[in-house]
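Lettered A, B, C, D and E in written order, each chain numbered from 1.
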Amino acid sequence: MKRIAVIILLGVLGFFIFSGIYSNEAFTEFGNVDLNNRVSNKFITKSVTDENDIVEFGKSSNLETGSANYVTSIVVNYRSFDTLGEVTVLFISSLGVALLLGTLGGKLTHKYRANFILRVGAKTIFPLIALTGIYIFIHGHLTPGGGFPGGSMIASAVLLLYLADENFRAKMSSFKLAESFAGSLYVLIGIFGLLTSGYFLNNFMNTGVIGDLFSAGIIPIVYVLVGLKVGSELTGIITDFLKVEVDE
Amino acid sequence: MDFNALILFMVFSAVLSYLVSKSNIKLGAYSTILFSLISLIILFLGRNNIGNEFSLLYMNFRVTAIGWYFSLIMILIYSMTAFFNPYWMEKILYPSSYNFLYLFSLAATVGLFFAADLITLFIFWEVVVWSSTFIVPLGKSRKAAVVYFTISSIGSMATLFAIMFVYSKSGTFDINEAFKFLASEPLTATFVFFTFITAGLTKIGIFPFHIWLPLAHGNAPHTFSPVLSGGLVKMGAFIAYLSVGILPAYKAFSTSMTIMGIPFQIYLLMVLGAISIVVGTLMAIKQDDVKKLIAYSSVANGGYILIGILMMDQVTFAGSLMHIFNHAIASAAAFLTIAAIAHRTKTTKISELGGMIHKMPVSYVVYLISIISLAGIPPMGGFVSKWLIVQGLASKGLIFIAFAAFFGSIGSFLYVFRPLAGLFLGQLAPKYENIKPSTLVMKIPMVILASMSVFFGIFPKYLLETIGEIQTSIGIDPIMINGDTITTINGVLNTNKVAAIFGFGFVISLMIFLVLPKSRKVGLMDTYTSAEFIYTPELYHYANSFYAPFERLYKNHPSVEKFLGKFAVKTEELGILVNSLFFSHKPSVTVLWVMAIATLIFLGGVDI
Amino acid sequence: MIQYVSIVLMLIGIYGLLIDRNIIKIIVALNIFEVGLNIFIVSVGFVSGGVAPILTSVNSNSALIYVDPLPQALVLTSIVIGLGTTALALAIARKMYNAYNSLDLDEIGGMDND
Amino acid sequence: MTNPVLLIVVPLLLAFLSVALKNNKKQLLFIAAVFNVVGVFIIENGSYVIGGFRAPYGINLNLDAYSHLAVLVINILFLLIITMSNEKTKEFSTVLLVALAGLNGMLLTGDLFNLFVFLEIVSITGYILSTESKKYKYSFNYLILGTIGSGLYLFGLIILYAIFGSLNMADISFKMLSYDTGKLVVPIFLMFIGLAVEAKLIPFNGWVRGVYGNANSLIGSLFASVYAGTILFVFGRVFGQVLVLSEYLVAVFVAIGVITLIAGEVAAFSKNKIREILLFSSIAQSGLVALLFVTGLIFPTVLQLLNNIITKAVMFTIAGKISDDADTDEADKLKGIFANNKIIGVSFTVSALSLIGLPLFYGFYSKINLLLGLFSKINYFVAAFILLATIIEGAYFIRLLVKLWTPGEEGKESNIKFVTDRKVEFDFNKKVIAFMLSLIILLAGISPSLVKTNLFAMNKLLNEENPSYMFELKGGM
Amino acid sequence: MRLISLIETITSLLLILLAILAVSSKKMITSIIYLSFLSMLAVLSFAIMKAPDVAVTEAVIGSGLVTAVFLFTLLSMKKAGDE
């Protein structure tokens, strides 16, 4: 009975949301978006500060942002402040998880002794996954991906190692340091930009030719830092979740 | 001396008194006497300040004749009551704060009466309310303070609404200017009139706002009840005066329906005043606690005052202004005698006391005088003023109101007699055999106030001349007084003759009392029934359920207290409902609300 | 089509929030809501016939029609924030389970100070 | 130093560092708070773009009179609160650092999506802080509601983006001026829900009672003062200045505000626990502030908001400390508790009286101003509701104060022997700061011109018709 | 083009189906697994909408890490329940 009432309520609500959204002619229908009505059009031509008519892969150089991946250019350049906030969200969540679960002592996996295949396999596969992750965030400005998936991959590699190696927990504190280091450096880069050019998180390096690996100014650096930070934060979250209560 | 300095002096004297009290409590209490007396003298001598304007911070003041008159009464009551403060310092929980708030509220009342703009008026009004609110719970009841504050804030918020409304229309806060536009807008004027006067009604204790008086007056510290009853209640009269005198009520209502020549808006309030007289009198008769009894008599007297002020004419208004003074001193004196008794006996219940005349003769005389004045019996001041009010009403043919006033006078005999017989006369309870009479310092203010009651009863001209000047200053005909003969349309009152007649009667009865043989005194415990000794003689004391047969007549009367109590309970239930409806540990409850509200709002706002 | 579906997904998530009493399932419902929201955000930037917003040697020219990259950037943020809140919610859920030994909100009981 | 971005990033930097410098966390928090308080006096008004990309393309920070006043007050209060409850900050230092960054970010940002990010940061710090009481069911409730709320905010915002093609506050505001806002009921209301959950408007605030009602002195005062203040400032920014509301929505929001005001006061009236009284009073005040913002009154609303958050900082700290030490915050069990803590009692009393809006306290000044504003807008009914709420508020606050000051049974004189035997020891910090704040309330009440002329930002608010001038409004495309 | 719209339709329907299953399933573990599948389909829909970045992120975080965290939670509760 309750379910039906809720379904009816949500049905009515959904109807109004649909009609509220789609009866508005200014809300362009799915697929019919005209970028000229949006701020994104300047992101495509990279002409927020410099006027560019056209940007060509492998040819245009020294643009306001050198990333071939538009999403990356937004994430790390145009809206890099959001990204800083995003990293902070992850940071604070991992901190919260640590505050809640960090006091627990036991380890979830301690009962199941990892078998030989897992141990060896984990050790062999760890560098591969980690390298892929690093590749992803270093190439964030060229290919899909970037700091977050890259960092997550590192985290999953660490997770694997953690599951396989019982003595690995002792080394976890270094991740905290890495997290702290990466986060601080991210902010310091921003402050450096502020000091040199008057804008926080300014892209103070030359951007080079679009499509080159070392072309996007601070983007690769920031993405490496983001990747490291995200990786260590996610590692922290997961290891905390793998703890269990021990009876005192 | 400039009144600018007077107000500053009063504020600083409050602070100074606090500091003195911190080092020596007794000294602090004496400082309240000193400071209030100094203020009284400054004010009394500074009558030539009338008409002056001055300002402090963002507050503007204007000394008017009526404001001066009200302030004088207020400081008089405060300074007289202050004589009792030293004796209560050990008994009060926060003596220094008490002294501070005592003088501070006094300063605020004076500021109120001299306010030149409505904001200043409101500021001081609220300051008086909150500073006195914190004194009340030091006495016997915590609830009293809450009820007092709540009812006061009902009034003050209504008044604030009126003030803001007037400002939004006229663009000024100046008391004399702000209301002017209402003269030509009867409908708006009706609204403003009723909202503005509400604060006054709550303060005077007009039905149905009267319930705070017995609670607060009856339970406040004994040294503060006189101030509450004699002093602060009169602030309400001042607001009532502003509502008809400054707010052009009669002019604005000139086109509206009239009852007996009075615009129905004003007549309605007069009816409320009449109801207060009846209710106050009936309830006063019932009370066993003397302080509550006097508090209810204040309700009744508040009715007289309101009616008189609302008339805004030659006779009734003058009577009302005079009654403000008479009631202030009489009720303060009555409360002071109770305080003096309570100082020795620790109780104010009539049924627990008796025979106090033997122990405290001065208190007895003072009480007798003041309660006679309160009841409006000649030859005290209260009689003159009530006579004026009734005269004024009768001359206008306001039969119902006059009847209520008459009823109040009759009823007042009943409630005057009860404490007189129960408290002072009769047998002394054995446990009070050894109590001492009240101290000299306590006697001073009692005697002063009582003699003022007598004096102005016999020579009202000194008061009425001042009142006449006030009446002239606000543009109505002054009361006609020639020597000690007051002339109204319907009659003439020569107070000297009245006093002489009563004096003669008094002498005769005194002689009879002295000549006739004395009756035998029976101790309170000396009671037998069917030859058996009674172990609970208190219950058989005649002061216990004094008017039982009469009270039975209106035992199950409807009561505003009960109604408001129910209202408070309902509010609490509503609060619990709010709590259980919206606040749960389950997110689904809130999410459901969100979705339901969103649906409702989209239903109204989305074009389909 | 997919845009409508995303709104329906959000509504289903809310339905789950309203119906479920199990705290884990409430968090699942929250995730469904967030997935729906993310799809909606991306769909707002979709241009039919547009290409993915990356300059490559194939799509080498900014004059091509690209899909709107901004919502995609926003979704990245949204996904990560979703992860953060989910992790925190699950950590709290574990603590709740330890404290009340139940996952059912009805069993956990109402305001303990009514 | 003139760039306000440092108010955000310096605490953030110190937060990141505090993970490494575990032993000095508390000092870092204090340094950041002091830095920000100094900083708010140095920063200069203007629009600051992040990364050098002009608005509306990049993210910008708006520092106008409104947000300057907001960061000024919030940072000072933050410092005072963590100093008052100094003994409780250690465990949560990093969280508080991030919270400080997030709060400043919310107040300063000129971008609606960036606001969402900071809102999430602040909310998550809120969820974490709320777990301190170990009442996890309430934290869970808070988390779910907060997440759904901000999700709906984002939903609404994306719809606005699809329509206006921008996320910048000034840009959207500019574009909305020439748009039929009656068509935007769905997105704006969705955004409203998101902020209303955090701003504690009934019926969106089911989490408040569990969280506030169990918070300790630090967390309670932070929530009720700094968090609530920030979210209401942001509410005022978004719904009072950025979004152009249709008449229908204004009516709806005012109705919700009035319901919150009255229901909150009524609920507070029915409570006996100090913190619950205060939390429902906070709810009511939020309703009041929110409804005043949507009616378009900025200056008086800000005054009232300041009144609320300053007094709540004092009162929640005291109430939290009492319940920490005495194991209860039921007023009936704490009769006469102020008899032994007079300074604290006076501070609490002054705050309560100011909140009621009695003269000689700052609250009166704000109340008069907001009434003047409402009357000038012919909003008589709202004014009447506010006055009604004041009556209820006065009743329960006086009841509470009378209980806490004057112990005694009905019919007996108040006496020291009735004082509760529960002991509460207030430390030096709390005494000094609470008393200082109450002195400020008193001073500002006696001479409001002090506030008017000395708070530089306030003066600007007062002098301008529309005090919020978001920079580069005509950024356009 | 046809194929794309076909995939889109199927994805859409599956999304709704999985969401309903996830919400209404009795057991927590199935609910979580459905959520994981839902995320994968979301990845597909992101890919359809030409959002490779989002797709990669959602794949790694949404369907990978979130599911893992869910499962660990469940696992720890099971263990606590066992003892």
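Going forward, contacts are C-beta pairs under 8 Å (C-beta built on N, C-alpha and C of every residue); 3 or more make two chains touch, one makes a residue touch a chain.
Just so it is clear, the structure is predicted and the values come from calculations on it, not from any experiment.
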Tell me which chains count as touching both subunit C and subunit D.
A, B
Intersection of the contact lists for subunit A and subunit C:
B, D, E
Can you give me the shortest step count from subunit A to subunit D, moving only between touching chains?
1
Reported most central chain by Cα centroids is D
Chain whose Cα centroid lies at the greatest distance from that of subunit C:
B
Comparing the two chain pairs, does B-C have more C-beta contacts than C-E, or is it the other way round?
C-E
Chain separated most widely from subunit A, comparing mean CA positions
B
Please tell me the distance, in whole Å, between the geometric centres of subunit A and subunit B computed from their C-alpha atoms.
73
Just the number, please: Cα centre separation of subunit A and subunit E in whole Å.
19
How many angstrom lie between the centres of subunit D and subunit E, each centre taken as the mean Cα position?
38
Where the CA atoms of subunit B average out and where those of subunit D average out, how many Å apart are those spots?
42
Which positions in subunit B touch two or more other chains at once?
579, 583-587, 591-592, 595, 598, 602, 606-607
Using the touch definition from the top, which residues of subunit E touch two or more other chains?
51-54, 57, 61, 65, 69, 73, 76, 80
Would you give the residues of subunit C that are in contact with at least 2 other chains, written as numbers and ranges?
1-2, 4, 8, 14-15, 17-20, 26-27, 43-46, 52-54, 67, 70, 72, 74, 76-77, 79-81, 83-85, 87-88, 90, 92-95, 98, 105, 108, 111
Touching pairs of chains, which are they?
A-B, A-C, A-D, A-E, B-C, B-D, C-D, C-E
Residues of subunit D that touch subunit C when the two form their complex:
113, 117, 120, 124, 127-128, 131, 134, 136-137, 139-140, 143-144, 147-148, 151, 154-155, 158-159, 161-162, 167, 209-210, 213, 273
Subunit A contact footprint on subunit B (complex, rising order):
592, 595-596, 598-599, 602-603, 606-608
Complex contacts: residues of subunit A adjacent to subunit D:
16-17, 20-21, 23-24, 26-28, 33, 37-43, 48-49, 64, 77-82, 84-86, 88-89, 91-93, 95-96, 99-100, 176-177, 179-181, 183-184, 186-188, 190-191, 193-194, 197-203
In their shared complex, at which residues does subunit A touch subunit B?
6, 9-10, 12-13, 16-17, 19-20, 23
Which part of subunit C faces subunit B closely enough to touch in the complex?
14, 17-21, 26, 105-106, 108-111, 114
